Structure formats: structure tokens, C-alpha cells
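Below: a set of structures, written as C-alpha cells.
Consider the two complexes below, in which chain A is the common component and chain B and chain C are the respective partners.
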Partner chain A sequence: MAGRANIPANSSALIAIIADEDTVTGFLMAGVGNVDLRKKTNYLLVDNKTTVKQIEDAFKEFTAREDIAIVLISQYIANMIRFLVDSYNKPIPAILEIPSKDHPYDPANDSVLSRVKYLFSADSVASDRR
Partner chain B sequence: MAAATVAAEELRQMGLQPTPRVEKADDVLGGDDDEILRFMDSADSYLLLMDSLSSALRQGWLDLASARHSMGASRVSSTLFDHKEQCAATKLQVVYPADLRPSESNPHFALSKWCLQESNSGDVIGMQDSTKPKLRYRGLAAAPGDGINESDATTAKSSTGVDTSSQVQMARSKALSVFGALVSPKLRTTQVSFETALELIVELANSRSTMLSSFSQIKP
Partner chain C sequence: MSGQSQRLNVVPTVTMLGVVKARLIGATRGHALLKKKSDALTVQFRAILKKIVATKESMGEAMRASSFSLAEAKYVAGDGVRHVVLQSVRSASLRVRSHQENVAGVKLPKFSHFVDPAGGASGGPSGASPSLTGLARGGQQVSACRTAHVKAIEVLVELASLQTSFLTLDEAIKTTNRRVNALENVVKPRLENTITYIKGELDELEREDFFRLKKIQGYKRREIERQMIEAKKFAEEQLAEDLALKRGISMGAATNILVGGGDKDDDIIF
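Now for the complex of A and B:
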């Protein structure tokens, strides 16, 4: 991650996805799916057989790729690799934690908000938005 | 205020300039206040956009479940994904502000939906113009020919928008073609919901970028 080059300005970049089947299917229908010459995709479909190691490897790969500008990760999956997600602090690619079908979004667990939370009280972010 | 003005005038007459300490403090506080306001606005925008994203995704999942119910689970499944080499049709444009150092970069994201098909449509129209037969007038000035060329250009420009939208529709249909030739209308509404979600995601990324940039300015 430290040696990752910036995406050149005004060039096209991809959106990577680490999410469950329905979320990945939906975003692929919206046209974000990419498969390169080496059959590497810009998405990882997580099910009950996916290991934490596979999720970590996919996260590290997507954040190291020069052609990816945003990484979408379901928040419940991000919780599995919370240490890795919270320790990431580069502007590109932007890591966005999104809700999933069975796990609604919780602002208290969001890595971006947790970075700035000491400017707010701990309760205001979690409770006022419910 | 009047006493301060008199004092400043006296100092100036003595050859000493009063130090505008109050103005400097106001500038510093004003700058910090701007950043704090920018941070609060971006944080509020981030949370509101996340609410909207949750709604868009919920709608998409509901439509997808309806499509799966009507078409059958085997026809709407991840096993149908095409693993052949393919470029993403929806991409991002990343713009960096020129006045910031790379370490303080506050990138701005813009979404290009179905961009592959849009750029191809431009190429196709260019080729069509070049292959169109041009009329030749013998013994006449070039004006009539120019007029015809201009009308051709106008026609090409007006048809560009139509061709682009038709190319986008073709791209949308192609994205759904992995699920079969005839798909449920619910699958198309699922596609629209997730396209909306993508737009919200790009706005979220921009809010995140602004929030982190402002936070880096105001944190001690």
C-alpha cells in the first residue's frame, strides 16, 4: 500500500466490490464488472465458505491495484477484517462500507467515522441517525 | 473603537505601526471555522447519503428477489457470471485538485456509466460520416457542397444523442444477457436501482474525501 502509485488524473478507474451474492450481482448488472487477461476480477463474492484469509487477500489486492479507485465492502465483512480496514488510511482507493441485506449499516462501526469520532460525542453519531 | 483609532493614529505619527493582533487572530479563527463547517457539512452529507444508499440497495435487493421468484433461482445466480475477459462498462474518473500536495490529496470522483459503449458510439458515428458518399458539382462554386456538408454535420450531431442513448440501452441489455434472452422486468428495475446506488456511492466517496481532508486540517 505504501508504494502504490496514484491513479493518473482524469483516467478511468474501476470500482471493486467485496460483498454477498445479491449485492455483487446487482452491481455487476450496473456494469462495474471487469475481468482482465489473467482472469482477475474486481469483485469477491463472499459466502459462508469464504475464509477470512481470502477476504484479507482480496482487500489487500484491491487496495494495491493501480486501476481501482473505490473499494466497496459490506460492513459485516469489514468487521471480519476490521483491523486491516481501520489501519488503511490512503485517499485512493476510497474504502466505503455499505450495508447488506441482513446487516444494516451501523455508523458506530464505520472506519471513516471512527477516525473522526473524537470530535463528536460517542452517542450522537450512533443514536441521532436511527 | 474611537479610542483604539486615536491610539493607532498616535502610534503612526510616532513612526510605530500598531500590530494588528486582533485581525490576525480573526483570520486564524475564520480559517478554522471554515474548515470546521466544511467538515461538519461533509459528515452530515456522508450520513444522509448513507441513508439514501441503504434505501436504494434495499429496493434493489427486493427487485432482485422478485426477479428470482419469477424467473427461477437457477436463472438469477452468480454461477452465470461471465469469467471471460471483459472491460467494465461503468467506470470512475478521478480528478486531483491542482493546489494540493499529493500527501494532502482530496480526490474528486465522477461516474462514467456505460462509458465503453458511449465512446464506441462516437467512433461509429465518425466512421459513418467518412464513408457517406459526397456529392460532386461540376462547374459550380463550393458553396452548395459546403451547405450539404454542414447539414450532414448537423444531422450527425443531432443523431449523436439518439445513437448514444441507444448504445447505452444496448449496453444495459448486454449486461442482463447473462441471465438469458428474455428477462423479467423486475431484473431491469434491479439494474436501475443499482445504477442509482452507484451514483450515491460516488457522492459518498466525494463526501468522504472532503471530510477526511477537512479533518486533517483541523485536528491538533
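Now for the complex of A and C:
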């Protein structure tokens, strides 16, 4: 809630990414990538060799880190660890599911959008979308 | 569950009645205020909801544009560009700053992205060490790709702040509504029940007192009546005595004549 510890207003925070290679490359190009002194990165490159365990660990690590404000996660990867994403309910860091190039974006799978739909009648959301 | 258990355990006195009444007034005022807060939050919540849906749409577009520009850049600069990018990551030039916004006493975190001039080894637009990515060929496409991704980040950051606000507000509204309902359905009825209980109890006491007074009054009246009758009887006796004395014959003497004078009178044969 509002009383919880927040990131101080003047400090800068990072954006973490869990996505496929192309998406990660694009965002790194934009300059969100960060490697600290211990060679810890704020992004996870998911390819077909990456295990679900690795993704889970990265997700847990990113959501636990103090200096990360937003976690971007590709939707198809979020689907792999859906139980973790759905059970996560803290406001900071914010989890954002982003569409990836190879997988069509399905708004029904999004944890936040599904909550939006759960809270309000489906037609009011649908009418806003058009 | 209805009458007895739904009230506070208090001594039914006038002081307590005043205290409970003051508490009821406080609870009513608090309820009204919380209701207002809940309404304000709901208005904000709906506005955010609409914005989230709209931003989700624009996020799709921004992501499409950015991945398309990445494809362009890869086509022109060759597939090797990704390795260059992945290798040259040092410190983030594009960072997020968070500040708080206050809506009806609820602090909502808001994010805004900014370019950190100290970072930027991976080639931020205004990085201290400009990247050499795409120096050989396709530099324009690479920078276009970079711009597209920065734009996508802008949208994503906005979406993130909307989403955090959404979650925070959701929680806050739930809490506020719970409080409103608790006040309305638990605290207020309990106080009202207590007030009726105290009033009933006070009335009962008053009736008891009244009855007792009546009882005592009746007893006293009966006593006085009895004494009056006594006094009247005594007065009548007194009067008769007085009358007899005045005639010179005491009531005792009169009887004595009849009884004692018989032996002197000759006329009386028997």
C-alpha cells in the first residue's frame, strides 16, 4: 500500500528486461542495459537454451532488487512463469508484459489487464478498446 | 446476535450516554469522510483504467515500430550488430526516476525516464562515450532503431507508472471500502444499540423511582388518615367528658347514684 517503503524521489532506478534476443538488443541499444561491478546484469536474454528455472531466478532477483523500478518481460516468457507473475502483487517494481516479435500479443493473458477485466464488466473495457 | 451482543459493555449512566453519543457523532462524521475519500479514489481509479487500456494499445504500436526498425538495422548493419551491442553494455544511460503523487491521501508512485549523462556506455543518445555500433555501415538505421526503442521505453514507463498506480489505488480503495463498511455495519449499529440500551435502562430506573415515590406517598397518606380518625375519636370522647363535667355529674357519679343511693331511699321497695 501507500505506506510501504518507496524508492526515494531523487534517486535513479533501472529498467530490467527478460525477453528474447532481439527485444533485449533493441532496448540495450536504447541504453537501458546495466552491468555492475560484480558483472550482474539487469537483463536476461532468453533463447531456446534458457531453462524455466533460470527465468524464475532472474524474475525473483529482479523483483527483489532495490534499484529496479520496472521489469519488462516478454509475454510468452511470462506465460512460462505465469504462476510467479500472477502471485506477484507489489506495486514496485512494476511488472510489464510486452509483446514480442515472434509471438502475438494477447491482452487476455496479461495479469494486469485480466485484473482490469475482472474488476469491471468486460464490455466497458472492450468498448474503450475500440 | 441481534440486540444484546451488538452493543458495548457499558454502565448505563447519563455520562456514559453522553460519551457514546459523542462517539456516534464521530463515527458518522468519519463514515462520511471515508465515503468521500472512496468516491474520489474511485474516480481516479476509473480514469487510470481508461488510460491503461489506451496506453496498452499504443504500447503495441510502439513495440511494433521498434522491432521493425531493429529488423531494418539488422538488415543493413548485419547480424553481428547484436553482439556488438550485447558486449558493450556497461552502465545504463536511460534510467527511471520515481516520485510520488498524492491522491486523496494515497501516495501513488509515478515514474519518469531520463537520460543519465554519466552512463551511456551502451550508446545512449547523449552518452559520454558515443557508441561505435554501426560505425561501418547502417549507422542511420541503428540510430533510428535506438530512437524507436527510446520511444517504446517512454510508453512503457508511462504504462508502468499507470500500472503501479492501478495496483496501489486498488489496494487503497479496498481498504477504504472495508473501513466504510465496518463503520456503517458494525460500529454505528453497535453505538446506536448502546444508546437505546442506556436510554431504556435510564427510563426503567426513572419508572422504578417514580413507583417507589408513589408507594411511599400512599403509605404516608394512609398513616395520616389513620391518625386523623384516631384524633377525631379522641376529640369526641373528650367532648362527652367535658359535657358531663359541666352538668356537675361525672359519668362515674351518675352511675354511683343509681347503684349507691338504693339503700337510703325508702320508696324503693325492692
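Annotations
Heads up, the rule we're going with is that the second predicted complex is superposed on the first by the 113 of 130 C-alpha atoms of A that agree within 3 Å, B and C clash if a C-alpha of one lies under 4 Å from a C-alpha of the other, contacts with A are read in each partner's own complex, and residues count from 1 in each chain.
The rule we apply is simple: a residue touches a chain if its C-beta (ideal position, glycine included) is under 8 Å from a C-beta of that chain, and two chains touch if they have at least 3 such contacts.
Everything quoted here is computed from the prediction, not taken from an experiment.
Superposition note: with chain A as the common reference, chain B and chain C are in steric clash. Shared-chain residue A:Ser12: touches chain B and chain C both. Shared-chain residue A:Gly33: touches chain B and chain C both.
Once the two complexes are overlaid on the shared chain, A:Asn48 sits clear of chain B and of chain C alike. Looking at the shared chain after the overlay, A:Ile70 reaches both chain B and chain C. Of the two partner chains, chain B and chain C are each touched by A:Leu96.
In the superposition on chain A, A:Glu21 makes contact with both chain B and chain C. The superposed model puts chain B in the path of chain C at one of 6-14, 24-32, 42-50 or 258-266, which is 42-50.
Judged by the document's definition of touching, chain A residues 6-7, 9-15, 21-36, 41-42, 45, 69-70, 72, 91-92, 94, 96, 98-99, 101, 105, 107, 112-113, 115-116, 119, 125, 129 lie at the interface with chain B and also at the interface with chain C.
Of all the residues in chain A, the ones that touch chain C in their complex are 1-2, 6-7, 9-15, 21-36, 41-42, 45, 69-70, 72, 89-92, 94-96, 98-99, 101, 105, 107, 110, 112-113, 115-116, 119-120, 125, 128-129.
Interface of chain A with chain B (complex): residues 6-7, 9-15, 21-37, 39, 41-42, 45, 69-70, 72, 91-92, 94, 96, 98-99, 101, 104-105, 107, 112-113, 115-116, 119, 125, 129.
Those residues of chain C that touch chain A in the complex are listed here as 49-50, 52-54, 56-57, 59-60, 63-64, 66-67, 69-70, 73, 81-82, 85-86, 89-100, 105-109, 111, 113-116, 119-120, 122-125, 127, 133, 142, 145-146, 148-150, 152-153, 156-157, 159-161, 163-164, 166-168, 170-172, 175.
Listing the residues of chain B that touch chain A in their complex gives 39, 43, 46-47, 50-51, 53-54, 57, 60-61, 64-65, 76-78, 81-96, 102, 105-107, 109, 112-115, 171-172, 175-176, 187, 190-191, 193-195, 197-198, 201-202, 204-205, 208-209, 211-212, 215.
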